[in-house]
Structures are given as structure tokens and as C-alpha cells.
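Paired with subunit B in one complex and with subunit C in the other, subunit A is shared by the two complexes that follow.
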Partner chain A sequence: MEIVNFAHGEFLMLAMYVAFFAWLLARLDPVVSFPLAALVLAGLGWATYHGIIRWVLGGPMLAQIFATFGLAVFLRSAAQFLWGVDFRVVSAPLLGGRASLGGVFVGLPQLTASVAALGAFVALHLFLARSETGLALQATAQDRQAAALMGIDTERMFALGWAIGAGCVGVAGALLTMFFYVFPDVGAAFALLAYVTVALGGFGNVPATLLAGVIVGLVEALAGLLIAPALKYAVVFLLYLGVVLWRPQGLFGRF
Partner chain B sequence: MMLEARGLDVLLGDYQVLWGARLSVAAGEIVALLGPNGSGKSTLMNTISGLLRPQAGQILFQGRPIAGLPAHRIVGEGLSHVLERRRLFPFLSVRQNVLLGAYSPAARATRDDQLDWVSDLFPVIRQRADQLAHTLSGGEQQMVAIARGLMARPRLLMVDEPFLGLAPRVVDQLTEVIRAINRGGVTVLLIEQNVERALALAHRGYVLESGRTVLEGRSEDLLRSAEVRRVFLGG
Partner chain C sequence: MIRLIAALFVLPVALATTLAAPLPASAQSQEIVIGLAYPMSGPNAQAGIDDKPVFEIAAEIANGTLDLPFPFYQRLKGMPGLKGAKVRLIISDHQTKPELGQAEAERLITQEKVHALVCCWASSVTATASQVAERYGIPFVNAESSSPGLTARGFKWLFRTSPHDEHFTQVMFDFFRDFQKRRGVKIRTLGLTYEDTLFGSDSARVQRELARKYGYEVVVDLAYRQRTTSLQAEVQRLKAANPDVWMPTSYQQDAMLFVRTTRDLDYNPRMIMAQDSGHISSDFVKEVGREAEGTMTRSPFADDLLDKRPIAKAVNDLYAKRAGKNIYDLPARAFTGIMTLLDAINRAGTTDPEAIRKALVATNIPGDQLIMTWDHIRFDATGQNIGVRAIIQQLQGGKYYTVYPFEIATRDVIYPIPAWKDRK
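So, the complex of A and B:
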């Protein structure tokens, strides 16, 4: 919605800490605590919109970029200060081990996370396409002034957009703790991949992002297998560069 | 008076666009807002509908002060604004665009009736219901935009340059529809560059020049006025 959240990786990191502490303090497995992480993050997204974003939306481009960039630096440093730089793990998650899918072995935590990601995607898509509020949200993203003239409270829609975006990363972060360690800088690598994925599919197009996610995942895995594991991200970023040189708006982009 | 605006000062950034502009529209009228490029016509309309806040001045709609209210609250009062260049939601379908016109709670209750009415006025809504709005022709987009504005059940419909870039045949067609809408009880305020075409449609007109209301009158008087010729031809 007119702005990119450069603190998205740090939101992911916070979601991971929520899941980690839920496990450490209350013995709640991430499979159980992920709705809590989604809620906490949705609240954070909403607060970020009201506290920061709405004040810079009309401002110059640089102010918009550095507002969320600054938030990212702040959140990362705050995490280091409060929880230290140690790597933490949720040991012995409820869903451990592997499952066999037609002869292919897949880690159960990874499988759970991808099923949940698909579920979140379907829910988001249905909400945007079918509900009144989802339509109003799309209308606001496509033309803010025209949306206001329909009687849509566009401020509320922006805040809702931020809450939903952060809520989704809350789900992702919580489930990620089942097979990835938690530390203050954990967001950076994932966020970069996320931007590449979204930009590859095209901003503002949810189904295209899913497709781009599958493409990025496949390229990463195949490059690791066929070329060299150390070069797998290089191949992903090369693909991204190629696509944006050829189609700057992304494969299915609108803006 | 259905709409009464006076003493409006409006700034865009550091630049003052309106200087004490005024305008009033009585129930049942079609009123044309005229003026050269950059005279502040759209700014005046955007201020009335709440997209802009006036620095000074008053706006009364059906006797209630609305200056400074946010745009999404003003629609619910019965005032619809169709923006210049149609501004449909490009990646929503025609049907979704039109239905969003009745988003405000006051209009939502009677949404299906309104949809039937505007679909009879503009058959394109039924023919192209599931097409994405940005794939329509300019004329079709304008019809959908007006239909979307009517979905809010307005007492007053404001249309900014409805004929911009349209073929003469489509302009004639739209002119007839605007007359029909007006006969159906909706008051109309419209902006139009072509003075003769605007005054042929409107009962009365206002002329803006450099952000000030410099002339007003009945259409037939304005058409004969030497002052109108001076403003538009720079005589």
C-alpha cells in the first residue's frame, strides 16, 4: 500500500521470539502458539502504521524508506539489548522427525510450515477477493482518493493492511522456530528473499507472490543440487536481476 | 439551498489556489462550474467533497456544515463526487467497482435496488459486469464511474469533466443520461471545459478565474455575456 516495510525481517524476528518465549516460559509448542504470535504482530503492525507510517506517507520518498529502515535498526538493537545475541532454539518441538511423501522424505516441521503458509495464503486471498472489507482494502490500495469518496475510511484500511501483513509474518516467524534458531539478526536473510520474491511476482498481486515463492524455492533447491550449495542464493538473485531488467514491474506486476 | 460554499481559501502545499471562492446550488438544478485551466474548478470540487481542507470559509450541505469533515463521512450525507479521469479501481471488476459505490452504511441497505436502477441507466454494467475496469473504453469507464457515484444515493452528484476525451456520439449519450438523472431528482454540479456544451446542459453557471468566483448567472445570460468571452478568450 504505497510503501515497503523494510522492517519486515525484524517483524519476523520478533515473531520468532514470541514463539520462543511462549515455549520457554509456558511450554507452548510453536504449533500451538502461532496464533498468539500472529495477534501480537498484527498489533505491532497496527501500531507501526499509526505511530510512524501515517506521518511519512505524504512525505518525500527518502523519508518513507528511512522510516521503516530506522525501525528495523531499532528493533534489531532492542532485541540484542533485551535478549542478547545468543542463538536460541526450541528444542524437541512437538512435530519432529520426517514424513514420507511418496518416497520423498520431508522434515515434519518444514512440511507443517508450508501447509500453514498455504493455508494463510488461501485465507488472505479469500478475504481480499470475497469480503466487503477485503474489497475496500483493495480499492484503497488501487486509488486512495476514489476509495475515500466511496465512503471507505482509508486510514482504517491502511492500518488494517499493516496489521494483516504483520500478522502473516507472525505466523511465518512462529512456525520457523520449529527448524531455525532465533537471534536478533535472523530477519535479514529472510527479508531479502521475501523482497526478491514479492518484486519478482509483482507488488500488489497476491497470487503472483505465491507463484514467485514457488519459483524462488525451486531455483534455490535446484541450484544447490546441480551447481553448488554455496551458490544457490547467487542463482536466485541472478534470476531476480534478469526478471527486473526485462520486466521492472515483476512478472505479473501492476504498479 | 442544497449546497452553499462561501469564502473558501484553499492551499495546495504553499500555493494558494482558491481565494474566497463561493458557489451555491439549489435542489433540482444542474449547475456548471466553468473556468480556464488552472482556475481552481477541481480544487473547489475536491474541497466540497472533503478530499481537501479549506484554510478558511464555510460549506453547508442541506444546511449542515461539512467543511473539514473527512471525505468518507461526507458521502454518507448524500453528496457524491465523480473524479476527473473516471478513476475506477483498475483491477477490480465493473460489478465490484459499482458495488463499492454503495459502501457507506446509509446506501448499503438499498444496494440491490440502486444496482438495478444504474444498470438500467447504463446497460454496460450488465454487459461487462465481470470485466476488469481498466479494460473498458473511455466512454464505458465514464458511465461506470457515474453509476458508481449514483450507488451512494446522492442528493447532489458532482461530476468533474465527464466528457473529457470522449467521442461526440458518447458525449451526446452521456448528456442525455445526466438530464435523466436530474429529472429523477438528483441535483447535479459539473465541471466542463467546453462553455457552450456545459451551458446547453446546465440551468446556471459559475465562472472561476484564478481561484475567485468572478461571474454567475443563468445559462442563457452567460452565453451572451461579454465577460465570459473575456475570461475564456482573454479579450
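So, the complex of A and C:
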């Protein structure tokens, strides 16, 4: 939607805290509470659009970058202020242990998370490709003025875009708490990988992001196994650099 | 501003020590001035704040206003060697900045005319400040810095009571040797995983050297990216090689992720020997302490022995009253350091630097008079205390207990660690 959200990692962190507190206060396992995290985050995304993004959309590129970057710093500091810098974990989640997929062992929480992520992807893809609102959203992303001329309420579409984006990270964050610790800085490690994945696939292309995600995951795992675990990100970023040198718009990007 | 803060810290101490110890009429004019350069502000200020009470306690023991009923401390009461000279402390702030530590050491020596320094907590500051003391020929006691290189520089005036990092790793291998004898088990292979910054790579280097020296085979030698998002590949490698002992060196985030990943992938190490830090941090113990059952770590201080050893209990009672919390590793080491210095000054019978240095060289304090669980304090030619002994603790039921050395252990070693499928 013409703007990169640098606070995406912090959204993830907030989603993880939502899932953590749902577990701590109401004993809701992340498997159960992830719709709640998605809803809370979607609301946050919607509010972010109306509170901040709307006001800088017309502004210069730098203003847009600094707005979401500032939001990221604010959210991180706020989390630190409210919940401290302590590391928290959801102990004894419902799903533990591992599953065997044709002789390959995978942690059950990780498997659940990836299945849920795939589900979220299919749902998002169907919504964007099949529903009228989804098509309107795509049209807005392609050309705001033209979409407005067709009678699409672009303002609403932008807000929806933000709500969906944040809602998706809500699902991811909640499921991540099944096997990852929570603390205010947790988003940083994932955000960078997320940007690389999206940029690798090409901004604005949802199926391409899925493919890029699989590529990044495979490269990371294979590099860790075959070369050295310490170098796995180096290989991922090297691949990314190679791709953007060859195709600056990403593998399947339009922009 | 910095001066102001420093002054704010120094003033109450100066006042407290002078007020608490009104000079008797017959007192001599002689005074023993000890400079303490510690982080009193900045990111590590807590360390200086936590150490301050032990210095005050030490000064009060020497000045005869505080009674610690153990022979070593009774001998120092009122500093009989100097006929009742009073100890005055000057605490200065170096903010954990090596250049400031150097400047403060210079100031303490040339302007405050201190007779000895106790300094500096951080290894990097100790490195620069001790150079100043060496140049001026002033006794310098280091109680807490753990970088091995500090005592390898051939300094004449530097004395370190604290163990350094190589001692900490040595204890793991001492444990392996003694444990094999005691339980009749065989330990042959080791798996090292370590984070890829200085802490991890130094730790692994020493572990590798010691493994070679004692004839263990390192079957996994794996650096991993610090603060990584996934440790699956690392744990799978460990699982495939299945070493007799897994020796992780991690900060707390990675340590927590390791616990989760080993459970998810059903990796069941028989023995885990961690390098302090992440595996002993309070968040680790609080959040995954129960899952990490059986994890062992080298540890600098046996806090579960506080109540069992009379001397540690006596000092802790004094400390807790002032600091509002129990004494822990660093203040305990600081106390040991300054008492060692006071003992040397008392035996020297003068504040002459060379006489104090000679007395330090001749130091011999038995272990039962120390709050640390060390054998004794005696310095080798480099100024390193050779009586130090690190301990091994093990997580049992969500809490760390001392399991080695066996003679001071509060619990037996759990071995092998129960497999994930057999838990609860």
C-alpha cells in the first residue's frame, strides 16, 4: 500500500504479548487465543492508519519512513515501560513434542504454526482474488486515483489493508509464543527476515511472498546444516543481495 | 554533573566512616587511605552500589566498631599492626569507562594520596587503572575482574583475589574427573555450542584446550549466531552426534530458546554443563527453570550455602541489613578482596607501599575464614590468587543447588537427566 511498515516487528512483539497475557491471566493457550491476537492487532493496524499513516501518506518518502520507524521505537519503549525487559515464556503449551514427517522430525508447535500460517495465506489469497472487497483493495494498491474514480472508497481500503496486515502478524505472533520467548525487542530479529522475504518475492505480490518465504526457510535450514549454523543468515542475505542486483523489484515484483 | 554525582556518592561514605568512627583521644594521626574506583553511575552503577556496603563493613571491622567473631577478623580489629590507625575509604566513580578509570586512579594516587587501591570491577577498567598503579608503585587489589590476561602482564603491584575465566572452565573438567570416579560412569565425548561473540568464542577456546589436555573428544564444535530466531539446526546436530556432555555457552535469550528447541525435537542430553551467564540468569531460572531440570553450570558463588557456613551467614546478616538484599557473588568477592588488603596492611605495620606489597606477596588466609568457598588466598608470582575454586550448581526442581565440590554440596548430582518423555 505504497508504504513500508517499519513497526511490523513491534506489531509482532505486541501480538506475542497479547498471547502471553491471554495465557497468563486466562490460561488460554496460544492455539486458542490466536484469533484474539489477530483481532487486537487488526484494531491496532486500523488505528495506526487513522492515527498516523493517513497524515503522512501524501508527504515525502522520508516522512513516511520516519513515521513508522518512530512508531516502532515508541512501541518498543512502551512495552519496556509497561512490562519490563524480562524474558517471558508460555510454559507448558498444549502442543509439545514433535511429529515425524516421513522420517524427518519437526517440533509439533512449529508444525502447527506453519499449518496455521499456510491457512492464513490461503484465506488471504482467496479474499484478495475472489471477493469484491479484495479486488477493490488490489485496485487501490495498484492505482489510488483510478480506484477512487471507479467509486472505491480508497480511504477505507487503506485502513483495511493495514488492519489485514496487522491481523496477519497477530496470528504469527500468537503462534510464535508456543516456542519462542517474549520480550520488548523480540520483533527486531524477525522483522529483518520478513523484509528480506517480502522484498525477495516482490512487494505487492502475496503468492510470491509465500514462495520467497519457503526459499528463505530452506536456504536458512540447509546453510545451517551443510555449511555452519553461524553463517545461515549470511547465506540468506547473500541470496537476497544476488536477487535484487539481478531483479531490483524482486523475483515477481511489479514495482 | 559527573563530579556532582561522584561527590554525592563520596560524601555520605566519607561522612559515614568518619561519624561512625569517632577518633578516640589517644588515636594517632596516622590514617590508612584506601581508594576504591567502581562504577557508581552509568550502565553498571548497580555493581558499585551493591559493593559499597561491603567496603563500609570492612572499614568498620578494621576501625574496631564492628565485631565479626572469627579469628581472622578479630586479628584485624582496630588494626593493631599500625597501633590503631584508622581506615578511610575514598570511593570514586569510573562509570565503567577505561579512560576514566585511568584518570581516577591517577587522581586517587597523586591528589588523594591513597596508600592502596581496590579496583575496578570491569576487566577493561582494571586493565588501564592497574597500569597507573604499576607506574606509581601503589598496591592494587582486584577482587572481581575475570579476564585471564590481567595477571599475565608481569605486573609487580597487581594482586587478584578473584578467579578468572580459565578457572571457571577448569572446574568443569575437575568435575568430570571426580564425577566419573565417584559414580563409575564414563565420559568421553563433548559437544560445544557457543554464541559467536567474544564471550562464546573465548569460552569454547578454553574448553577445546582443556578437552585436548584431559583426553576428551569434541564431537560437536558449533558456533551459532547470537540472538537467532531458530536453533533447530544446532539442536539437530547435537542430537545426531549425541555427546556424553553438552556444553553450551549462551546468553539468556538463546539459553531459553535452546531449552524449548531441545524439548520440541526430543533431544535428551545425559549431562549439560553450561558456562554461567544465560543458564543462571534470573529470567532463565524463573521462566524455564523447571523444564531445564538437571542443567549444570559453573557458578562463582554458592548462594544456597549462605546459611550453612557461619562466616558467610555472619557477613550476609550485616550486608542484608544495609543493602536490603542478600549478598551475592560480586559483593562477596569485593569483601574478600578488601579484607585481603587490610590484612596485608596490618601485617606490614606501615603504610609504606613496598612493605604492603611484600605483605601481600606473603598473604595466606585459610579457606574457613572466607565467605567464598575457596581453599585459601595465596598469590603466585603473577599476583593471581591460586586458592580459588569455582563451584558447580545444578537445577533441581526449578532452583540451583551446589553439587560440586562434593564436600560442600547441598544436593547429589542428578545423572542422567531424565528424558523428556519420562518427565511428569
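Structural remarks
By our rule, the second predicted complex is superposed on the first by the 255 of 255 C-alpha atoms of A that agree within 3 Å, B and C clash if a C-alpha of one lies under 4 Å from a C-alpha of the other, contacts with A are read in each partner's own complex, and residues count from 1 in each chain.
Quick note on the criterion: contacts are C-beta pairs under 8 Å (C-beta built on N, C-alpha and C of every residue); 3 or more make two chains touch, one makes a residue touch a chain.
For clarity, every value in this text was computed on a predicted model and none was experimentally measured.
Residue by residue along subunit A, subunit B and subunit C are tallied for touches, and C comes out ahead.
Of the two partner chains placed by superposition, only subunit C is touched by A:225; subunit B is not.
In the superposition on chain A, A:73 makes contact with neither subunit B nor subunit C.
When the shared chain is aligned, subunit C comes close enough to touch A:108, but subunit B does not. Of the two partner chains placed by the overlay, neither subunit B nor subunit C lies in contact with A:238.
Of the two partner chains placed by the overlay, only subunit B lies in contact with A:151; subunit C stays clear of it. Judged by the touch definition given at the top, the superposed model places A:139 against subunit B, while subunit C stays out of reach. Subunit A meets subunit B in the complex at residues 132, 135-136, 138-139, 142-143, 145-154, 204, 254.
Chain contact summary for the complex, subunit B toward subunit A: residues 49-51, 70-72, 75-76, 80-81, 83, 87-92, 96, 99-101, 103-105, 107, 148-149, 152. By the touch criterion stated above, subunit C contacts subunit A in their complex at residues 196, 222-225, 227-234, 236-237, 252-253, 256-257, 260-261, 263-266, 283-284, 286-288, 290-291, 420.
Listed in rising order, the residues of subunit A touching subunit C in the complex are 86-89, 91, 96-98, 105, 107-110, 179-181, 183, 189-190, 193, 220-221, 224-225, 228-230, 232-233.
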